[in-house]
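Next come two complexes built around chain A: one with chain B, the other with chain C.
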Partner chain A sequence: MTQIIFITADEQEHVLEADSGSLMELAVANNIAGIDGDCGGVCSCATCHVHIAPEDKARVGEASEIEADMLELAENVTENSRLCCQIAISDKLEGIRVTVAEG
Partner chain B sequence: MSDDNQASTAASGGCPFSHSQGVGEFADAFATVRSQQGTMDIDDQNDPVKMVLGLKSVRKAAHNWKTFQSGAIPGRIVVPSEVAIRTIRQLPFELDPPMHGDFRALLEPWFKRPLEPAYQDKLITTIHRLLDNVQNKEVDAVSDIALVLQSQALTTLLNVPFAESDTWISWGTHVFRSEDNPLDADKANILYDYLDEQINRARKTPSDDVYSLLCSAEVAGKKLTHDEIKGIMVLTFAGGRDTVINMLTNTLAYFADYPNTLALLRDKPEFITSAVEELVRYFSPLTHMGRVATQATEVEGQAVDQDSRISLCWASANRDERVFENPNEVDVTRKMNPHVGFGFGIHTCLGAHHARTLLRLWIQALIERIDMISVGDFEENVEVWAGESDTVERKVGFHALNLTLKSIADKQ
Partner chain C sequence: MSGNTCVIVGASHGGVNCAFELRKQGFDGDIVLIDKDPQLPYHRPPLSKAFLLGGDPTALQPLKAQSAYAQSDIDLKLGVEVESLDVSAKQVVTSEGAIDYDSVVLATGATPFIPPISGLSEAKNSFVLRDANDATDILAAVQNTENTINHVVVVGAGYIGLEAAASLSKLGAKVTVVEREQRILQRVASEPLSTFMTHKHKANGIEIVCQKTVSAVKTSEANQLVVLDDGTELKADMIIVGVGVRVNTELAQASGIETLPQGIVVDAHMKTSISNIYAVGDCTVFPHPTLGDKCHIESVQNAVGQARIVAQTITGKVSTYDEQPWFWSDQFDAKLQSVGLPKDADNILVREEGDNALSVWHFDGEALVCVEAINAPKAYVLGGRWIAKKVLIDKEKLTDVNVAIKDCVL
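So, the complex of A and B:
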């Protein structure tokens, strides 16, 4: 099992575990505030916006062009923004801390 | 709202020997004009509209609510314009921030109820009871299935007695327009009079329905006026009427033509979620929605005058070949699907949770119970968008679609 830590707007840390699926699916299954995943993970709604710590960006990987285009028009976007429906859970994410974006 | 689009001309089909072929095809009506011009200028009651056709331009314009406003005079952002036939402002979609956000915040929790298991259980019961009544005999998918299910499911969204759906069904599919005139104000009065009654009833005897919630609610520290409540309810009724009816009917037409897709989902129900998004992209039940420019600007490199109209053409954007691979094919396993079938930006469809849930549960019931769908006579609902140099005909659904849902149990 891979441990994933979500940090919500109230600064609470939520320590979750999974070995498959996407970060969005894990967050929705655990009612993480601010992650809605309305479209079910096909990159059309931008309701699963998170910020990745700069030191973790390499192991998470780059956004695709379609995801980057969606992020361009999202609220509170930074260079660390990702839509977490597009991040698959694997061993290499062990212990990662992702911050739920506001808005 | 704009569910009642351009006067629809009837294209008919229905040869008894070659029927189902093509009934599930919905062509990309805007392909040529999108690739050649990026926009299309149409007239509408002497208030022209520049339709924006590419996905990225549609998203940018939808995002830019300061330049492309929704809070114009009531009815103007709808195409064809309803300025001449109504004064009620539909809420929250004919508002701009900050008022838009205040109304949206009031309504969001109510419109998220479709995510709750108890809500879904009600819809499942409704769906199976309907299938009991319509399977294994020829029925009209529009009036006997889609209109009925849309109306019955709406009782769950509004949390009103199930029997109210009988009234809404009796209005027929064209409650907000007459057959020969899409801008017939008398038709809209049926709904307006009904809503006046319901709001007045809720004020006298509150219950746990949506009218009572709105009668007791406050926005920005003030109780809602009668017309504000009415504006919210008109949008809820009108916005979710033709759109949902087309979504449900077209899904049956598609599965009739492509039984392998129904079989695939039966084998792999984990793809139902992506199938819902893909069908909404492919059908795009709402063709477009307008905005009014608050300043002189441009889209797709073309000038837009201050106080002129553009429209965000969701249907065209959803077939943009620069974004979607094989845009004219339905791929229910499509992983990346950044469609705008529910709009984009702050005004995204408030009823999307309800619509997605209803379509998901409808497909779930179909794969459990229906072996195949055979099609008889049908009449397509084709919108005509007449531009200065181009005329686009878009099949958005059906006026009638006779079909038989053959049950799995009946086969065995």
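So, the complex of A and C:
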């Protein structure tokens, strides 16, 4: 099981575990506030916007071109922004910290 | 606020989002969310795509975790049928008894229309595709090793039909799509988009037959044939019927709520003609500031957007539903996204970006009203923003792919 830490707008840390699926599915399954995933995880709605902790960015990897374009739809975009439906859970993500973007 | 009960009829995208949004808006009464579907509410769009391709009948994608309902104190009643609304007694009558209500949200959705085609109701492996049951049945038929599905006929070239066609073709079937109109997606998309998608499907081995209707289905021990109006016979081990829906207005109608053939009439705050009764999603006919007085839209976004508005109305805020409709579909390697509706456009521009991407820009005079994009999310994103902000666009630059879209603002 891979541990993922979600930080919500109220600054609460939620330590979750999974070994497959996307970060978005994990967040929705655990009712993480601010992650809606309205489109079901096909990178079409930008309602699963998170900021990856800078030290974890290299492990998570870059957004695809489509995802980067979709991020333009989101508010509070930074260089650490990702749509978490596009991040697949695997061992290499052990312990990463992601903050739910506001807005 | 004890003694304040909101009963939501229908637990799909509209109903579920309404329940959670009510809590977000501070509603502290009881929320009862009812659906006759026994499955934990799930995402519908993947049913025609990832669910069929994934091959796992248990892999429905829940809208919310089971625990989330308890956490938000939402009383989820699944497998329960709503029989009637007693408006004078303020009760929702269900198969498990009556529930007193203070407000009711109808999120009753729609039901696939089955055309009266001779032999269709007796046909083998004939399906519609709307809910988890339909998708699971299709998957079971595909996986049945005793009866291999080699040939599939899809009746109707709307989004559901085409998505099902793409998925079944990827699973190895030879698929023919039959459409009575001149072109695929005629009711919902522009001609350039239809043309692009027609090529896409053909390139992937799907046969598209337009301007033909199905006159009969002939099923025998040996085979099953779909007969077209010109006499053509198509082998069909499976038939998918995707010719649109009929809105579920019966409950509203029986309660004296104003309805039209295309849905339950609501105002911009999602109120029906009877006080304290609201409606959201596919089942509604609603006014929209730019789209007209009697809009009817069947989409996830519309259901979710209206759910947000009704939750605000019920909690005493005044907000108006004015979101631009947006939509997506995935077929083969074509990612289709649209924002706005093309119906009011009097001129369109096509921006072609390479041979596998294009965007169609719809204008009413100079005003941008709709953008349809294939593998061009930037066009979709910027287009949506520009429609909302009424930004004027340099049309000449827009059709020049050497000019970035963001630089096409006047």
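Everything that follows uses one rule, which is that the second predicted complex is superposed on the first by the 103 of 103 C-alpha atoms of A that agree within 3 Å, B and C clash if a C-alpha of one lies under 4 Å from a C-alpha of the other, contacts with A are read in each partner's own complex, and residues count from 1 in each chain.
By definition in this document, a contact is a pair of C-beta atoms (placed from the backbone, for glycine too) under 8 Å apart; a residue touches a chain by one contact, two chains touch by 3 or more.
These figures come from a predicted structure and were not determined experimentally.
Judged by the touch definition given at the top, the superposed model places A:42 against both chain B and chain C. When both complexes are overlaid on chain A, the residue A:25 reaches chain C alone and has no touch with chain B. Touched residues of chain A were counted for both chain B and chain C, and C has more of them. When both complexes are overlaid on chain A, the residue A:34 reaches neither chain B nor chain C.
In the three-chain superposition model, chain A touches both chain B and chain C at residues 38-45, 66, 69-70, 73. Those residues of chain A whose C-beta lies close enough to touch chain B in the complex are 38-45, 64, 66-67, 69-70, 73. For chain A in complex with chain C, the touching residues are 25, 28-31, 38-45, 66, 69-70, 72-73. Those residues of chain C that touch chain A in the complex are listed here as 43, 45-46, 49-50, 61-65, 67-68, 71-72, 300-301, 304, 328, 330, 335, 337, 375, 377-378, 381-382, 384-385.
The residues of chain B lying in touch with chain A in their complex are 56, 59-60, 63, 273-274, 276-277, 323, 334-340, 342, 344-345, 348, 352-353, 356.
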